[in-house]
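The same chain A turns up in both complexes below, where it pairs with chain B and then with chain C.
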Partner chain A sequence: MTDRPKRHDDDVIVCRCEDVTLGEIRRLISEGYHTIDEIKRISRAGMGQCQGRTCRHLIARELARALGVPQEEVEMPMFRPPTRPVLLSTIARGEGDE
Partner chain B sequence: MRQAETTRTVNLLKEVDVAVIGAGPAGLAAALACAEAGVSTLLIDANDAPGGQLVKQTHKFFGSERQHAGTRGIQIPSLFTEKLANYPNVEIMWNTNASGFYDSGELVLEDEKRFMKILPKRMIVAAGASERFLIFRNNDLPGVYGAGAVQTLMNVYGVVPGDRVMMIGSGNIGLIVSYQLIQAGVDVAAVVEAAPCIGGYLVHAAKLRRAGVPILTSHTVLAAHGQESVTGATIAEVDKEWQPMPGTEREVECDVICLAVGLMPLVDVLWHAGCEMKYVPELGGHVPVRDENMRTSNPKVYAAGDSGGVEEASSAMVTGEIAGISAAKSLGHQAPGADARLAQLKADLAAIRSGPTGEKISAGVRCATVCGGVWE
Partner chain C sequence: MNRKSADIVVIGGGVVGCATAFELARLGCKNVVLVERNTIASGSTGRCGAGVRQQFGTELNCVLAREAVRIFEHMDEYLDYEPGVEFRQSGYLMLAYSDQQWEQFQRNVELERSLDIDVKMLTPEGAREIVPFLDLEGMVGATFCQTDGHANPFHTAFAYAQAAKRLGAEILTHTSVMDIEVENNKIQAVVTDKGRIATSAVVNCAGAYSAKIAKMAGIDLPVWGERHQILITEPVEAMMGPMVISFHHDFYCQQTPHGSFIMGIGMPGEPKSFNIRSSVDFLEGMANTVMKILPPLGNLRVVRQWAGLYDMSPDAQPILGECPPIEGFYNANGFSGHGFMVSPIVGQAMAELIILGKSSVDISKLDAGRFERGELVFEPAVVG
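Right after this comes the complex of A and B.
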């Protein structure tokens, strides 16, 4: 684990669905995870109920700050269906009415 | 067995000329335009009633009469649905979410019970926007709300969120919701704004000031306090780099912290559809590159309302109608006088975006519009 000076707001929650803190995001960036997708796969940030709608731009902003680039240069994660979580029973039932 | 499954899928694949995702101001206007043009139209919305954000907008609209100025937001949805009811070529599905759009051109819908596959010839994405969140200590305490939730609680369900609210953000949503809180008998401790000046219309801010609410520009929230729920907050002044200035911290007593710090376009389905996207801060984030008819880089896909860039309900109704007329026209259908109407709508849109508050939006739209205004 990389040594990183502790910051006063490290324990602030960024991803509320998966309880990921700002400190954890910063640690991952310092360890070389430099895209939202990479951070998502390691930490689960953005994989909860809201599918990243709350934390995606906060992580993008943190990446932009840490890497010293404008936010528009931070690559967005891959957007895949479904747009919201789906019940397993819906999947099991399949298409149609029965 | 395999054969049967194939047959089943084919039978259930519903074909439609235009699928409109979202029945807020943009989607309603888009669906009505498609209906008038005579194309088969499927309007879907994840909620159980039409209107999107209009269902909580109890205030009267500004602007032009053509965009229902003087009418309260909550009265607008029924103006559309009454007209839509006259068209047998329109089908509406409530409580239905657009789950995904696939390379095959299939749109998958889901209503928490079943999946449905739709094969639309054109798709208009009018999904609206989501609220921005803010990073500060204890931002996960109960009592920290988004302004949309506060407005829904009060104006849809008649429930006040608390006794004393601190509003973060002085855009029109922050200002209007603050005033509505006061009307509901809730104390507004302050409106806190990080920018050096307010973001919304002066007329809304003036109402708050007359009611004695302090509007603290160049301020931000540093922390929420409380054990079980919010009992107060620490705010501080910020410098030109938006950094809190040490020594300016002070405590504010409140049981609600309401965040009205901006919206981001909901564009997931546009990403699925492979539309060329661009980060345009003036429009709230990533938006589809479009032509002046709201067509995206995918010739079958249009965007309308906040999904094309965060603006307001009046412009959403205009971009929705533009998208609806244009999508139908691309299929060879148009209502009498559609071309003149389209020209009128584009003029209306320019008028809505004129003036000092429209400058930022106009710059954003220019940035998001394909070179030359039309796709090759």
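Right after this comes the complex of A and C.
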């Protein structure tokens, strides 16, 4: 673990689906994880029910601040289907019934 | 790039490349450079099904997997990785659906037992004792190995990469290999988009892209990419221990420690390609099959689907070792869907081969030359 001075908003939850805090995101950035995809892979931020609809922007903002680049320059990960969670049984029924 | 030379350049930041870089550094190689065009675990490693099994049909695959499991069992301490690689030995349950398949399974079990891998043969009812909601229709029998399991591929790759760095290896991400300079059949340098690295040895751990890398050194390597798809559900309470596999349905499914179910199914007629886009027909085939074999999973929601590449070889076994006539060009690729699970032992064997001239697990039969010699060793047990 890297020693990093505690900040007042470190305990703020960034990814509500997977319970990842701003402090954890900052720690990962300080350890050298400098893309949203890497942060997702190591912390699960963005892997939950909502697929990162909120947290990806918050993580991008944090990366932009830490790396000193405009937020538009932070590469956004691909959205992976489905757009919303779908029951496997609904998908199975979709073939042939109608 | 401040570095101009390296003892060894490892190409590819997947788990095989990271393990190889770490083991090279551990054996005392001071100047290892790993080159990755994207980020660590961004390719097949980060897209794989995360399973670790020892139930195979060839002796070499069984031995490699058994040795890999022995490393996975103490990997957190071995690599001093605090988050942990989440290795769980909750077993693999392999289902047979025809007499012919059952006979093959029995041969496999005989082989596995002779190699000290503890595998049980079960009736369909015996399989249901392990997974109570398993549908038994058409099932002839099953085999179960408790010491099989799964690990977190991201953490495993990051753990190796961090440990390699601590031992002095340099890891260059976002760096693409453009060319490999060869003179008189000897490696001279690896040319990247960030600069030239003079070196006399290269380890090709580029997964499905390994043939492209080999071509740069003038080598025709019979490795190609083949898309395989996978999905993950919302997390639920623990209800299934082992990975469940059926070769008949070309299907696998496990519940991760996180609670979500991860599952994949092979798509007939998948062409050679570098295509990693996911498709709707996969979702339909997957949903229908999983509801046949594990009916209650129909109640789960899919949150994400994706695709990755198997780095296929002609006999579905890895290609490991030096690649004549080019001195200093080593392959560790062609894993055909089983790279993650054997990566710990592959890293060790490659490093021993390169530094000591000989590996403790004999991998000489897996050299690239076997295809020209006609000594292919087909693995019958490939899934997903």
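By definition in this document, the second predicted complex is superposed on the first by the 92 of 98 C-alpha atoms of A that agree within 3 Å, B and C clash if a C-alpha of one lies under 4 Å from a C-alpha of the other, contacts with A are read in each partner's own complex, and residues count from 1 in each chain.
Here is the rule we use: a contact is a pair of C-beta atoms (placed from the backbone, for glycine too) under 8 Å apart; a residue touches a chain by one contact, two chains touch by 3 or more.
Just so you know, these numbers come straight off a predicted model, no measurement behind them.
Novice: After the overlay on chain A, what do you see for chain B versus chain C, clash or fit?
Specialist: Superposition check on chain A shows chain B and chain C fit without a clash.
Novice: Angle at the Cα centre of chain A spanned by the Cα centres of chain C and chain B: state it in steps of 10 degrees.
Specialist: It is 130 degrees after superposition, to the nearest 10.
Novice: Examine A:87 and indicate which partner it touches, taking first as chain B and second as chain C; both and neither are also allowed.
Specialist: After superposition on chain A, A:87 lies in contact with both partners, chain B and chain C.
Novice: Tell me which touches more residues of chain A here: chain C or chain B.
Specialist: After superposing on chain A, more of chain A is contacted by B.
Novice: Touch test for A:44: chain B only (first), chain C only (second), both, or neither?
Specialist: In the superposition, A:44 touches chain C alone.
Novice: Considering the aligned complexes, could you tell me the closest Cα pair distance between chain B and chain C in angstrom?
Specialist: Once the two complexes are overlaid, chain B and chain C approach no closer than 5 Å between C-alpha atoms.
Novice: Taking the two structures together, which residues of chain A meet both chain B and chain C?
Specialist: Residues 51, 80-82, 86-87, 89, 91, 94-95, which sit in both footprints.
Novice: Note which residues of chain B are touching chain A in the complex, please.
Specialist: Its residues touching chain A are 8-9, 12, 46, 97-102, 108, 110, 112-117, 130, 132-133, 135-140, 264, 266, 268-269, 271-272, 277, 279, 281, 285-286.
Novice: Name, in rising order, each residue of chain C that touches chain A in their complex.
Specialist: 39-42, 46, 82-83, 154-155, 158, 233-234, 258, 278, 283-284, 286-288, 290-291, 297-306
Novice: Spell out the residues on chain A that touch chain B in their complex, using ranges where they run on.
Specialist: Going by the criterion above, the answer is residues 9, 11-14, 16, 22, 51, 53-55, 57-58, 71-72, 76, 79-84, 86-87, 89-91, 93-97.
Novice: Over in the complex, which chain A residues touch chain C? Could you list them?
Specialist: Result: residues 1, 35, 37-38, 41-42, 44, 47-49, 51, 80-82, 85-89, 91-92, 94-95 of chain A touch chain C.
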